[in-house]
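So, here's a batch of structures to check.
Across the two complexes that follow, chain A remains constant while its partner is chain B and subsequently chain C.
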Partner chain A sequence: MGLEQLLPAIADMTWQDLIMIGVGILLIYLAIAKEYEPTLLLPMGFGAILVNIPWSSALTQIDPATGEAVQGILNIFFDAGIVTEVFPLLIFIAIGAMIDFGPLFRNPSLLLFGAAAQFGIFITMIFATSLGYDLREAASIGIIGAADGPTSIVVASRFAPNLLGPISVAAYSYMALVPIIQPLVIRLLTSRKERLIRMSTTGHNNKVISKKALIVFPIVVTIVAGIIAPSSLSLIGFLMFGNLVRECGVLNKLSLSAQNELASLVTLLLGITIASTMTAERFIRLDTLIIIGLGLFAFIFDTFGGVIFAKFLNLFRKEGNKINPMIGACGISAFPMSARVIHQMGQKEDPYNYLLMPAISANVGGQIGSVVAGGIILTLIPLFA
Partner chain B sequence: MNKLSSYAILFLALFSFTNCSNRISNPPLVINEVLVINEENFVDDYGRRSGWIEIFNNTAKTQDIGGYYLTNDKSDPKKYPIPKGDVLTKIAPHHHVLFWANNKPYQGTFHISFELDPDRENYIALFNESGEKMIDEVTIPNGQLADQSWGYKMDGEKYAQDGTLLLTLLDKVTPSTNNFTLDKNEKVEKFRQNDKFGASMTITSMLVVFGALILLYLVFRTSGKVSSKLKQKKGERLSISKEGVTTSSGPISGEVLTAIFMALHEDQNEIHDFENTTLTFSSVNKNYSPWNSKIYGLRELPRR
Partner chain C sequence: MSPTVQTALLISGIGMIGIFIFMALFYLLILALDKLLPHKEEAKADEK
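What follows is the complex of A and B.
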């Protein structure tokens, strides 16, 4: 009996498999040692190891004796949870239950940064198309710039399921790298004088938001979004449903379950299921590197869009009422990391400059903006491609 | 006069309908594509190449061609009887089957008893079960080149609206698949032509995102204003009814702020006192407790 029969996994192991196992270990290391999005990167890293051992029963394999397919559990999860978009949409309920739209009610004008900071998505789409990607693939790559993992997964699973692995890895990695990427871009685009701008928050912070407004808001947003772009309703609707459960005040138990148990359970399965696409033959390609590069490009241009939009608005605002352009960078969806980073940057320049409240408002705007952008892509792309 | 004109209209309508029915319609089963000289094309299930004939079900129901006849000879319509009882002869709606013209009928249902001759015109016809009614026929002209097929650009569309036969040399050889396949998406091509750099798409998308968020901004702003006005009114009503008792929803009081800052100061300077939070068991001087009674641990039987 040869090695092939005794230990088929070793006999069939290729260098690509070994690299992918290394990638899996790296993701686990980053998740544990550096705490880079551990909830997603750790399951994805472990999943990458699981699917790159030859003949892994976690994946569907053809039995050489009978020629029949033996279903792997990760493929079953993938078909049931990702292809059907069930997992990411359940995550949206959880996220909706976690979001407090209060800061936006206090300072609604900052919502617009949530739109400006989606610029990277669309500019990356153009760039990816010029590199020869099909429009659907380009849209899926561009959405990495939303810094919103579930939205990226929904868009990629619908338009480019073949690229789901690298897109998810890129999306979650860049979300984790916000403290490194954003300060660099912001420093390049702003002067010290601009970074020192203090934002008046008097009156905003103490504004009491009525419960009715918080309840009506998710319902109105769902109806408006449904009328403008019905195909975005699965994304926005589930987010707003989660938020309604939170704000209604009579479903506290469900709201807590959505925030904790549901979020934990689905996240647990989401990461490891996405890893089923991280097999060596799909992942070790030039495409993957290009996608990761384009994701970075999208992320940088999102920050660029937000900061430049703030600077543009400042042209029309009076002295003393100007916006700190760093706030524009919070228009991405990485919540609350982006707001925290901007607040810390502000304090580094001036320890008495408290940017946290406007930064949080813009960051909540970014969460809405990324979902809206995802919905727009789901609506527009089928019209063109 | 009126009666006469209505009769005339009826006659005209009938005439026009009759005219419609005179239009040549496409057969229910069409000899859809034919390849005469197969040098580097599709290989049969025996690994050999030969000419082939593709038949297309032009109807919306499954057609069983078992018992029908294929021929290349006008005087012998029953030259190759398609075997009955083979499930594969049932053609699903708008699907195809392929027959190998290799003169080896013993190799299976889809290997017919004649070959296509590269040196002359090839007549091919499909007859019904009685061999009397011809369902479709086609004549492939002489002088064929290798690996080029003849057929109809759109599957099953044998005649144009004016009755012209649409048989032509096809751009692509497509055995057992649609003759018309999309190589490029017209919408995408148009979009690429009109918007080479994708600028209009970016602007459109950004405008839609901005538009949606501006709408949301308005919702936030108006709902905030309405709710604060409602609160104000409610507050006024409360203050009137309770005569002097007012509710405060203004800024946080100085005491609360002091308490918050004291807590933060204690936390940052680690001067908060340590509290023992260990939980433990200790015995108590009590002989009986329902927790240690065995009676409560037993199942009570029903009284007789």
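What follows is the complex of A and C.
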């Protein structure tokens, strides 16, 4: 009996498999040592190890004795949870249950930054098509700029399942790198004088929002979004359903379950299931590097879009009523990280400048904006591609 | 410029305008809800 029969995994191990096992260990290291999105990167890293050991029973294999396919658990999870979009949509219920739309009611105009900061999605999509990707792939790559993992997974699983692995890794990695990416871009685009702008929020911060308004909001948003773009309903509808459960006041137990148990369980399965696409033959390609580069491009141009939009609005606003352009950068979905980063940047420039409340309002707008962007892409791409 | 890039440009234009329209609608919705369903204590204070 030779080595091939005794230890087939060693006999069939390639250098590509070893690199991917290294990638898995790196993701686990980043999750534990650097705390970069540990809830996702740790399961993805461990999953990358699981699927890159040759003959792994976690993946579907052909039994050499019988010639029959033996289903692997990760493939079963993938077919049941990703192909059907069940996992990311369940995550949306959890996210909806976590979102407090109160800050938006206090500063509703900042909602518009949630639109401007989606600019990175579209500029990246254009750039990706110029590199030779088809529209479906380009849209899936561009959506990394939504800075919203579940939206990226939904769009990529529908339009480019072959690119799901690198897109997910890029989406979650860059979200963790918001504290590094955003300050660099903001400093390039703004003067110190602009970063020192104080925003008058007196009165807004303490404004009490009616419970009824917070209950009606998710219902009406679902109806409006559904009428305009029915394809977006699975994304927006599930987000708003989670929010209604939170705000209705009679389902506190369910709301807490959605925020904790549901979020934890689905995140656990989501990460390790996505890793099933991180096999060496799919991942060790030039495409992966390009997608990771394009993801960074998307994040940079999201921040660009938000900051430039704020500067544009300032052209029409009177002195004393100007918007600190850094707030524009909070229009991305990475909540509350982006708001916290901007608040800290503001305090570095001026310790008495409190930007946290408007930053949170814009950041909540970004959470809605990213889902709307995902819905719009799901609606538009099939019309053209 | 290839037809795919041109289509991507068109989609991007429609997409960005679409997002702004959506967000503007949500903005108006928030203003309307704030007016129609004010916080009770505020409403009482207004009545007084």
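Following the convention adopted for this analysis, the second predicted complex is superposed on the first by the 385 of 385 C-alpha atoms of A that agree within 3 Å, B and C clash if a C-alpha of one lies under 4 Å from a C-alpha of the other, contacts with A are read in each partner's own complex, and residues count from 1 in each chain.
The rule is simple: a residue touches a chain if its C-beta (ideal position, glycine included) is under 8 Å from a C-beta of that chain, and two chains touch if they have at least 3 such contacts.
This one's a predicted model, so the numbers in the text were calculated from it and none came from an experiment.
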Touched partner set for A:P8, first chain B, second chain C, both or neither: neither
Contacts of A:I376 with chain B and chain C, given as first, second, both or neither: both
Partner chain(s) touched by A:A115 [first = chain B, second = chain C, both, neither]: both
Which of chain B and chain C A:G293 touches, first, second, both or neither: neither
Partner chain in contact with A:I126 - chain B first, chain C second, else both or neither: both
Chain B and chain C footprints on chain A, overlapping residues: 104-105, 108-109, 111-112, 114-116, 118-119, 121-123, 125-126, 129-130, 135, 208-210, 212-213, 216-217, 220-221, 224-225, 228-229, 365, 368-369, 372-373, 376-377, 380, 384-385
Residue numbers on chain C that touch chain A, as the complex places them: 2, 4-5, 7-12, 14-16, 18-20, 22-27, 29-31, 33-34, 36-42
Complex interface listing, chain A residues touching chain B: 104-105, 108-109, 111-112, 114-116, 118-119, 121-123, 125-126, 129-130, 135, 206-210, 212-213, 216-217, 220-221, 224-225, 228-229, 365, 368-369, 372-373, 376-377, 380, 383-385
For the chain A and chain C complex, residues of the former touching the latter: 104-105, 108-109, 111-112, 114-116, 118-119, 121-123, 125-126, 128-130, 134-135, 138-139, 208-210, 212-213, 216-217, 220-221, 224-225, 228-229, 365, 368-369, 372-373, 376-377, 380-381, 384-385
Contact set on chain B toward chain A in their complex: 185, 187-188, 191, 197-199, 201-202, 204-206, 208-217, 219-221, 223-224, 226-228, 230-231, 249-252
